[in-house]
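Okay, so subunit A shows up in both of these, paired with subunit B first and subunit C after.
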Partner chain A sequence: MIIRRTCRQLLALSQRAPVSSRFQSTLPETPVTPVQAVQTSPKDEITRPENPLLEMVQAQAGANTSAQQEIAAEESHRKNFSKLGTTVRTFYDPENVIRNPPKPSQISLEMLLAAQTHLGHSTSRWNPQNSRYIFGIREGVHIISLDVTAAYLRRAAKVVEEVAARGGLILFAGTRKGQKRAVVKAAELAKGYHIFERWIPGSLTNGEQILGHCETKVVNALDEELPDFKADLADRPSLKPDLVICLNPLENVVLLHECGLNNVPTIGIIDTDADPTRVTYPIPANDDSLRATCLIAGILGRAGEAGQARRLKMAQEGRTTYQPIKAEVLHLDPFTGQPPGGEGQKK
Partner chain B sequence: MAWHKSTSLAQAMRSLRLTPTLSKPKPSLSRTYATEAEAASVPAAAAPEINFEAFTQKPARIIPSSPSYFSGSPRFIDHVLQLESLQAKYASLPTVATSDAPRMAWFKLPQFRDYVGEPVPMKKYKSLLKILQRLNRIQPEIRPNEVQTTLSAFLRPGNPYAVETIPRTVDEHGRARGKGKRKESTAVVQLVEGEGEVLVNGKSLVEVFKRVHDRESALWALRCTQRLDKYNAWITVRGGGVTGQAEAITLALGRALLLHEPGLKPVLRKAGAITVDARRVERKKPGRVKARKMPTWVKR
Partner chain C sequence: MGKVNLTALRVRQTALNQFASGKTSKLPQWVGVVGEIPPAETLIRTRPPQHQLVHRRLKTVTVPYSEKPKVTVSLEYQEKRIKPKKASRLFQPVEIKYEEDQLRSKFFRDHPWELARPRVLLESTGKDFENYDWRRIEQPGKRLDGESVVQRQLWLLNHVPDITESAAYDIARREFYRLRLKEDIQRRVAAEEAEAYGAKFGPSYMEIGMKLENEQYDKWVTWARSAAQVQDQRHAALTGAPDLGDAGEASELEMEEPEAVPA
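Presenting the complex of A and B:
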């Protein structure tokens, strides 16, 4: 009994303790009435600078027309609410391979696998010349060996880089639907040329007729145009590329044939049903997947970019990696090799 | 052009090992001193200034002007690519409905062919027009200058939509002129206020139109408004037959009367005096006897 009483007393003391502390505190407690709270809250909102509504109003003040105001309001709204929600870190952006293609040094088997470069054709459609590139058969489809693809792709990239460094004309050809943007981007990177519509048969073998009206220019080693030589370009034969990169060799038989006739080296994506001897430098890969062709075109474009940068850097130092054309040669008649109006032309 | 031959790469490789193109000028061996007496009576002209830009002025390569050189129509493709990049750049801007977009007179196909100087097929030009129309639909108040200048490059000279038609009126002599057509006939009517005299090709109405029905229909516009005795008409009719001429006059007279009294429009419309009958003789087709008639079927 005695123990119980003392326990109760102790408990009572402990309950009283916070009450005493309350009396001891220096700050007087003033209960906030709900009316006051309502009065103060709008003032706070107005003075706060990070209020989204206020920013919207300020943004609208700068705009003139109602349409501009709307757009400004939308933008500020987006800015304020973009931080909300989750952030997705790892995702596949299909545009990225076109916008920012990888460099040849970044080629990895994972990258090639993700781009589906390993998928060949049904086994019945194969070209036995491709047997050395084929890894195996899965579900009736040939699988291209990825390490072979990587090796051939690196070699092709090196070829593109060296041709670009020597001032060659590089033509990117991808005439399938959907390859347009990749082809244009690769040509832009490599300062090359592009074809995304039908190859006009005879552009190389009958270039006078087909490309005769297309403009050319004379540039110096730094790629600056020299307009003084414009008059000498009138009777020149049409230009021919020094390297052709074909993303779909099966559809561009004529292009590859003409390149063969004119001794123009070619790089081609060779699927398991294509003939690898049609091109000079085959890249065994899947040519039916846009992801694969865009990746390969991008890598080759980057290689060309590196080559062009190298060439321009050497030109800055006053060196050229190629035999520059001479002004006297430009003035000569391109067919007879004689000065214009000379004896050679009369005969 | 060495770089077009197969040996270009080999030559280029060789050129790596060549001596650098820039070489120092050799110092002259014979030297003169300032203290020496001048040997020649005429002093030699000073050497020209050193041209430090010789390297940049030397031609190095012949290259195509456009990256789409090998396509055969480089200018057209450059235009398309430029427009497509613009479209992608400003895809997020708000647009207006096609009917609210400003009316633009784009190049006609032959004009566009002249503009680019290449034989562009109709189908490809239509696809280009589609991009132009999409860019034109961007809200006019916030349309970027870049888009505006690009679009204006594709407009044909002169703005046909800026020309406003001048409304016809009665001239200073009180004449109203109206034209009308029906079948193969064309009529021109000069209408003045008067006593109801009518001359058709210098002859009276009775001489030209023997049938009463034709005379009625020729002056129908005046008759239905009860103004037969208030106007004089000087009429010229060409082509076609009697009915066609009479009804061409109806239309021309109705139109001329409208210039004098625009308030008569609902009456004339209801009476059918200013309604155009656009029917013409259908052409004959090959394989048919007339426009539609098939030749009679023969067994063999």
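Presenting the complex of A and C:
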């Protein structure tokens, strides 16, 4: 069993109402009775539905003024020639990388190049610790080596997949403008959590105060909620993520610092001006291009999806990759380690 | 700067130590994962790739005791310092240079208005280059622009024996000019065809501009007429035309009087 704690404010659970419920009406159902009155009189002929634009159509047919004639001519012209011309089949759709992100196995250097992951910062703004990721200088801008990016991205994807397969809590954080949808989508795929607004400092180090009011739930190996344990979840320390993925480490120094204090592994996109030692698994890439960050977030989300699928499949076979918590342990008092109402608590 | 913080890189060691010392009662789930997939070494400096400019040319060489001259591939390497200027620059990235950079700068120096044309910078797959074959200057899915000339010239330099840079430039440029002319004609014919089929084009930017300019000219003409009239009157007053002079003086006095009253 895994304890999950959700928070409305920060670690919003990426769950929505099932699709079927969205189509249900809230109105009470009334039996539908046929209202159409049957009028059968021999005089009635076939009645045509009255066109509300009948007058306009008639006016157009009998065009009198020159303006009307012009409109009619234009209309007929459009009707005759609207099917001519070419249709563009292959074109770039910027939404595609968010809606349907590629899998880690599909990473190619061309894809990374097209997503502009190779563009670094001006040479004067570099962090010399990144020198091993840099391919060269072009027009005064550092160019990040694409093969290094691909290798590090594959490694990070592997980590996400394994952590997901072990039932770890994964937190995606991307707080720059425009990263919101990619972050939410990645968290949705990986069944993780997301932050697209500001990281509230102290959410990890002072979690009791900041996340204390958040909801927590106990789930079984198949991710089904066990409501019997609701009472045991009071007075427990706030949950900590097992992996944090940060799309913009430059703005989230506090988050990474807290992860360091709480010993949480991190993955981050490291541009040429960022500090690579702030994260456990750096991905050297351009963090200023939305297309690049969306691509990387999507790939990591897909990796998480694969890990979750593996975990659930194993759970259905009755196996787990992690040590499950026993029900007796959950019933114990979190501070004394004694059963509730026992002698330990009385003292 | 200064000290390097290695906390993030040592999460696994810390977790194991905390477990061993009894600070934590349970190892986190990710310890095995981080152990299997260790973080890469970040702080080890490596020599960055040294980019060298290479010119590939075909040259015919007369071989002794044979009738036919032989075509050989010659690669000219740009002279480069083996050692960088300073020892401290040993690990710094170096400039990436390509042969076509020079050709590109020459073309756009000669044709600066080519830079004013709109260009597509976006690539959807990054594999556009696979469709290109620079045996011809026209490419599927690519607009004809200065880059086409540069790539065509480079192909000629690399694949035609004994060709000079200026000769390749001339060939590529001619092809480019011819196609640009053809594009113009195509555009004109298309417009004529569309008009014949009933299309109506509004006034062009040039016509709108001319109209605005004409309006300004007309304004100026009316202003100039009135200004000339006033000047004529003044001139006539100074030279002393009897009827006009009195009228001019009278009007001037009338103009001055209301100003004097409030003062």
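In this text, the second predicted complex is superposed on the first by the 257 of 347 C-alpha atoms of A that agree within 3 Å, B and C clash if a C-alpha of one lies under 4 Å from a C-alpha of the other, contacts with A are read in each partner's own complex, and residues count from 1 in each chain.
Here is the rule we use: contacts are C-beta pairs under 8 Å (C-beta built on N, C-alpha and C of every residue); 3 or more make two chains touch, one makes a residue touch a chain.
None of the values given here were measured: they were computed from a predicted structure.
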item: Subunit B versus subunit C as contact partner of A:280, first or second or both or neither; value: second
item: Partner chain(s) touched by A:263 [first = subunit B, second = subunit C, both, neither]; value: both
item: Partner chain in contact with A:71 - subunit B first, subunit C second, else both or neither; value: first
item: First (subunit B), second (subunit C), both or neither touched by A:221; value: first
item: Touching partner for A:168 - first (subunit B), second (subunit C), both, neither; value: both
item: Subunit B versus subunit C as contact partner of A:187, first or second or both or neither; value: first
item: First (subunit B), second (subunit C), both or neither touched by A:322; value: both
item: Partner chain(s) touched by A:200 [first = subunit B, second = subunit C, both, neither]; value: first
item: Footprint overlap on subunit A, comparing subunit B with subunit C; value: 163, 166-168, 242, 263, 322-323
item: Subunit A residues within the subunit C interface of the complex; value: 73, 77, 81, 90-92, 108-114, 123, 128-129, 131-132, 134-138, 142-143, 145, 152, 155, 158-159, 162-163, 166-168, 242-243, 256, 259-261, 263-266, 276-282, 322-323
item: Footprint of subunit A on subunit B - complex, ascending; value: 1-6, 8-9, 11-13, 15-16, 20-22, 55-72, 74, 77, 81, 94, 117-118, 139, 141-142
item: Subunit B partner contacts - residues on subunit A that touch it in the complex; value: 65, 67-68, 70-71, 163, 166-169, 171, 184, 187-188, 192-195, 197, 200, 203, 210-211, 213-222, 224, 226, 229, 233, 236-237, 239-242, 263, 318-327, 330, 334
item: Subunit A-touching residues of subunit C, taken from the complex the two chains share; value: 4-9, 11-12, 14-15, 18, 26, 28-30, 32-34, 36-37, 39-40, 42-46, 48-49, 51, 91-96, 122-127, 197-198
